[in-house]
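Handing you this structure, nothing more for now.
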Amino acid sequence: MGIGRFGVMTSGGDAPGMNAAVRAVFRMANHLGLEAVGIQDGYQGLLNGQLLSVSDQQLEGIERRGGTILGTSRSSEFRTPRGLDQALMQLQQHNIEALVVIGGEGSFQGALSLHRRGFQVVGVPASIDNDVGGTAVAIGVDTAINTALDALDKLKDTASAFRRAFVVEVMGRHSGWIALQSAIAAGADMVLIPEVPYQVETVMQRLREAKASGKSHFILVAAEGVKPTATELSAQITGRADVPFESRLTILGHIQRGGSPTAFDRLLAARLGARAAEELAAGRPGTVIGLRNMQTVTTPLEDATKEPKHFNPETHRFAEILAG
Amino acid sequence: MGIGRFGVMTSGGDAPGMNAAVRAVFRMANHLGLEAVGIQDGYQGLLNGQLLSVSDQQLEGIERRGGTILGTSRSSEFRTPRGLDQALMQLQQHNIEALVVIGGEGSFQGALSLHRRGFQVVGVPASIDNDVGGTAVAIGVDTAINTALDALDKLKDTASAFRRAFVVEVMGRHSGWIALQSAIAAGADMVLIPEVPYQVETVMQRLREAKASGKSHFILVAAEGVKPTATELSAQITGRADVPFESRLTILGHIQRGGSPTAFDRLLAARLGARAAEELAAGRPGTVIGLRNMQTVTTPLEDATKEPKHFNPETHRFAEILAG
Amino acid sequence: MGIGRFGVMTSGGDAPGMNAAVRAVFRMANHLGLEAVGIQDGYQGLLNGQLLSVSDQQLEGIERRGGTILGTSRSSEFRTPRGLDQALMQLQQHNIEALVVIGGEGSFQGALSLHRRGFQVVGVPASIDNDVGGTAVAIGVDTAINTALDALDKLKDTASAFRRAFVVEVMGRHSGWIALQSAIAAGADMVLIPEVPYQVETVMQRLREAKASGKSHFILVAAEGVKPTATELSAQITGRADVPFESRLTILGHIQRGGSPTAFDRLLAARLGARAAEELAAGRPGTVIGLRNMQTVTTPLEDATKEPKHFNPETHRFAEILAG
Amino acid sequence: MGIGRFGVMTSGGDAPGMNAAVRAVFRMANHLGLEAVGIQDGYQGLLNGQLLSVSDQQLEGIERRGGTILGTSRSSEFRTPRGLDQALMQLQQHNIEALVVIGGEGSFQGALSLHRRGFQVVGVPASIDNDVGGTAVAIGVDTAINTALDALDKLKDTASAFRRAFVVEVMGRHSGWIALQSAIAAGADMVLIPEVPYQVETVMQRLREAKASGKSHFILVAAEGVKPTATELSAQITGRADVPFESRLTILGHIQRGGSPTAFDRLLAARLGARAAEELAAGRPGTVIGLRNMQTVTTPLEDATKEPKHFNPETHRFAEILAG
C-alpha cells in the first residue's frame, strides 16, 4: 500500500543537482497523484516543523540552479533520542506519512533511525565526495569534478608559461574521489589522497625528477584530508634550494559545491528523484535509490549505510601512468 | 603474445574526447614498452600511408582539446576489397602489427574487415550519437549533451522573457539520444526523435495546451533525423492564428562535436584508451573496449557491431513526465 | 527637485544583464530614499497597469540570471496616440512620477514620446545588437558576443578535424556588430554583415583560395540580416564540384539573448542602472545613461535616438587581416 | 622610416590574451610586409639569444589559448647595466631592429631602458591587475574578473544553502581592481583591497549586522595584498561566539591567470597587437599602445610608466551600495 502525502528534504552538505532531484520528486508525485510537501533546512527544520508548500512555478527552472531551494543543515539535535521523538511527532502532527531524504551518509543514518521506528522513508544519494552506499555514483559528484577540472585546466595554461609547481586543494576530508578523478582527467602530475599516506620528501623527489626530465610545470592535486595539508605542504616546499619549481597554492573550497549542475547530475537527479516517488507510491520504503549499470536500483537502508567505501588502489596507480 | 609496434587512428565523425583517448593509448603503450605510431586522417590516411610520429610534447595538454590531432575522415575507398588490400599492404610495409581504431559504428565495420583478414585490431567507441555497440556509453556523448543543454538553458532564460516557442535541432540522424537526454536534463516541454514518428498537428495541440495551462514559454527539442525536420516544422507552425506562441528556430549543428571534453568524457577516454593498449600488449585483439557498470569490458568486434541499438520508449515517456 | 516614487521596466528584445540593471536601479533607489516599483512586460504592461512590487529577496541573485524578472514585450498599441494617453493615465493613477526604461532603440522612441508629453523618463541602453545611441556599448552586447564566440571556438575544434566550411548565422538584422566582433575574436575566415552587400560567387572564390593555400577549414560568420541569408548561402554552395569544402549550417538564434551575463555586462548594468536612479533623484530626467571612455555619461533622449549608427568599415577590413 | 625585422616577446606575469596579441602582431606584420620573430621567455630569453621562428600553423587557434606560446619570465639579470648591454648585443647580432614587448609595468620599465639606449620598442599592456599606464584597461583583466566572478557565483549557490560566510582571496598584491570589479559584479557583501586599510573588528561587526538583517549568507572578497591576509582573517573570525556565520576560505590563486580569454580580451589583444606592428612599420617607436574611449591610442613610454595608478574611492563606495 502506498501513501497519500509525503515530505521531501535535502540534508547535510549541499551538492549540485539537489534542486533537480527535488523537482523530479515533485513532478513524479504529481504524475502519480501523490501530495508532496517540502521540509525546510533538513532534519533541523523537521524538528521545528518548518514545512514549505512548493508550487509548480517555484519548480520552474530550478533544475539548473546549484544549492537547494529547500535549504539544508547538519542537526546534532536530531541524532538524540529526544530529537528523533520530536521529529516523529512533527511528522504525525503535519500528517506526513513518508519522507524522501536527499543527502549523503549522515543523512541516511538519520533516515535509518526513522525507518527503524517504523516510519516510511526513502533515501536519494547526493554528495560531492561520492562516499554514499547504495549507488555507483551520487548526485553532485560529476559537477564537482568538472569544477575542479576547470581550475586544473586553467592552471595548466599559466603553469606552462611560468614553470611553476601548483598545489591545488580539492574537497574530500576522507575521500580522494574528486582528487583522483580530476587529476586523471586533467593529466595532473601527482595526486595526494587521504586513503594513501605520503611523505613530503617524496613530493620533493618527484619535483626534482620532473625538472630533470625537462618538464616545464608540475600540477599536484591534494584532497582536503591529506596530512600534511596542502597549505602545510606548500609552505614546506617553498623557497628551498633543493626544489626546482616555485610553488603556488590554490584552495578551491566550497566553489565545488556550487554551480549549475552538469547534464549527468541533472539526469541522475531526475531518475533517482522520480524513482523515489514511485517507490513510495508502490509501498516499498526503507531503501536507498541508486544507479548501477546505468539502471536505477534500490538497496535496503541497512545495507547501504554499511556498504564499505570502495577505494581502488588501481585508480591511484592509473593516475600515475596517465600523469603529465 | 603481444605486439611490438602498433598504429592509432581516429575515424568517422569526430567526438570530444578523441584526443584524450589518443593520449591514453600512447601513455599506456609507453608504460608497457610498446611503440605506438599515429595514422593520419583515419582509414583514408592509412590507404595513403600517412604515418605520424607523436612526441610526448605533442601529447601535452591535448586531453582538454576538442577535435583530434590525428585528423579523421570517412573513406569509401577503404570499404572496397581493393581498399582493404591496400590498407593491409601499407600496414605490413610500415611494420605495423596492430591497430587501435577510435571511432563509431562505421569505423568498427572497417575494423571488423581487418580483423577478418587476420589483422590485430581493437576498437575504442567514440561517437556523440551513442550509437555504438560494446559499451553503455561512447566517448563524446557526455560533452555533446552538455553542449546541447547549455543552449537549452540559455533559451529558457530568454523564453521566459518573451513568451515564445523555440524549436531546437540537435544532432542525431538515426538516434534520439542527445535529444532525449538533453531534453530531460533541461526540462524541455517536448522532444521529437527519429525512433518515434510524429504529427505536426500534435505539436500544435501541445502548444495550445501549454498556453491554456498558463505556460509562459515552450521549448521543443528535435533530433536532426525527424520528419518533418525542425526547419520544416518551424516554418509550418509560424504565423498561424491557431498557434499561440511565436516560433523561433535554432540549429546547433557541429558545435556539438567541438568544445573541451567534460571530465566524464576525459575519464572514459583515459580508461578505454589505456585498456586498448593493454589488450594489444596481452595479445587479445578483435574486441571493442567498452564501459559497463563503471568497469571497462571487452566485446568481440563481431558481437559489438551486431548489437541492436537499444531505444528505450520508457525514456521518452519519462521526458514527458519531467517536462516543463 | 527629484521624485518620490518611480517605475522601472524592461522593454523590447531581452538582453543579458537586464536583471542586473533592474537590481542596481532598485538598490540605488533604496540608498537614495526613493521608492521604486516594477512594471511588468514593458509598455504593454504599463498600458494594462500591471505593477509589480519587488522585494529585496526577489532581487537577491538576479544579477547572474539571463532574461528579465520584469518581463518584456513589444507593444504596437503603445505607439498610437491613444496608447500613449492610456499609459500616462495609468502612470498618474498609480502615482508613478517617473520611469526608468531599460531597452533598445524602439524602447527609447517610446521613452521620447513620454518625455515630449512632459513625463520624467530616463533610458538605460540594453540591446545585444549594440544599435542604441547615447552609449559606446549597450548592456548585453558583451555576453552575446561571448556566446557567439564560444560556438565559433567549438566549430574550430571540429572543423580542423573534418576539413569543412561552416556557415554560422549570428544575430543582427540591421547591425553586423555581433558578427564582426565575434569573427575577429575567433579568427574566423570570412564575415558577412548587413552593412556590406556580398556576392555568393565571392564566397566561393574565397573557399577556393583557402583550399589552394592549404587551409584545413573555413569558418564563415553571417549576420541574420544578410541577403542571401546564411540558410540560402549554405544551400547554394553545398554539393558543388567547384567548391572544395563541404558546407554545414549552424543557426545560433535566441541563445545569444540568454545565459548568465558576463562581468562586463553586470558591471555596465550596475553602473548605468545606479546612475539612472541618481539622475531621477537629482531631478534631471529626459536622458539616456551611457558609457563613454569608461565613465557614465548622459545624453538627451532627443539626441540619443537620432545618433547615427556608426558602422566602421575599418573594422571589416581589420577582420579580414586577422582572419584564419 | 619603419623597420624590416623585429622581435616579439611576452614578459612578466602571464595574462589571458597574450597569445591573441602575439597572433595579431604576426598577422599584421605579415600584412604590412614586415618580418616578425619570436623571442622565448621574455627578457631572460633575449639575454640568452633564444629566438623562435613562428609559422602560420603555430599561430592557428592560439587566440583562444591561455598562457603564452612564447613563454615568459621575470629577469633580474636584465635590469643590471651589464644585462642591458648583453640584450642590445643579442638584438644586433640577430639583426632585430625593433621589439614589441607584451607585458605589465615591470616589462615596460625594461622597454624604457632599451628605448633610452636608442632601441626601437613598443609596449602592449597585458596584466590581470590592470596596473599598467597608457591604457584604460590591460589585456587579461576581463578574463581574470570573469574567472573570479564565476567562483563567486558558485559560492552564492552554496552559501544560500548553508548560511555561511565565505572569505575569497583574489589576485592583486597592490591593486584592488579584480577584487572590486568582481565583488560589484557578483553583488558580494564586502570587499577588502590593499588601497584601503581595514580592521578585523569591522568585518565582524558587518557579519553581525548581516545576521541581524536576516541575511542567509555573506560573501567577502579580499585582494591578495590586504593585511591581515584572507587566510589570517578567516582564522581570526572562525569559531568565535560573537561571529554568527561559520567561515570558509577559498584562495583562487593562479587560476585567474589561465583560461581561454574572453571576447573582450581577444578583441583588445587583436587591436593593440595589430596597432603595435603598424606603429613600428610607420617608424613611431617608444610608446605604449592602449585603449581609451574604445579607440587605440599611443602614449610615450616615459609617460606611461609614470602614470599614477588611479584608485577611485567612489568605486569602493559603489560596491557597498550594490552589496548583497
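For clarity, chains are labelled A, B, C and D in written order, and residue numbers in each chain start from 1.
Everything below uses one rule, namely that contacts are C-beta pairs under 8 Å (C-beta built on N, C-alpha and C of every residue); 3 or more make two chains touch, one makes a residue touch a chain.
Worth saying up front: this structure is predicted, and the values here are computed from it rather than measured.
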{"item": "Smallest count of steps, each to a touching chain, taking subunit A to subunit C", "value": "2"}
{"item": "Chain located farthest away, centre of subunit C as origin (C-alpha)", "value": "A"}
{"item": "For subunit C paired with subunit D, centre-to-centre distance based on mean C-alpha positions, whole Å", "value": "28"}
{"item": "Approximate Å spacing (C-alpha centroids) for the pair subunit B, subunit D", "value": "39"}
{"item": "Chain centre separation in whole Å, for subunit C relative to subunit B (CA means)", "value": "35"}
{"item": "Residues of subunit D touching at least two other chains", "value": "153, 156, 160"}
{"item": "Subunit C - residues contacting subunit D, complex", "value": "23-24, 27-28, 31, 56, 60-61, 63-64, 136-137, 142, 145-146, 149, 153, 156, 160, 181-182, 184-187, 260, 262-264, 266-267, 270-271, 274, 292-294, 318, 321-322, 324"}
{"item": "Touching residues on subunit A, where the partner in the complex is subunit D", "value": "10, 13-14, 16, 18, 65-68, 71-73, 147, 151, 153-162, 164, 166, 231, 248-259"}
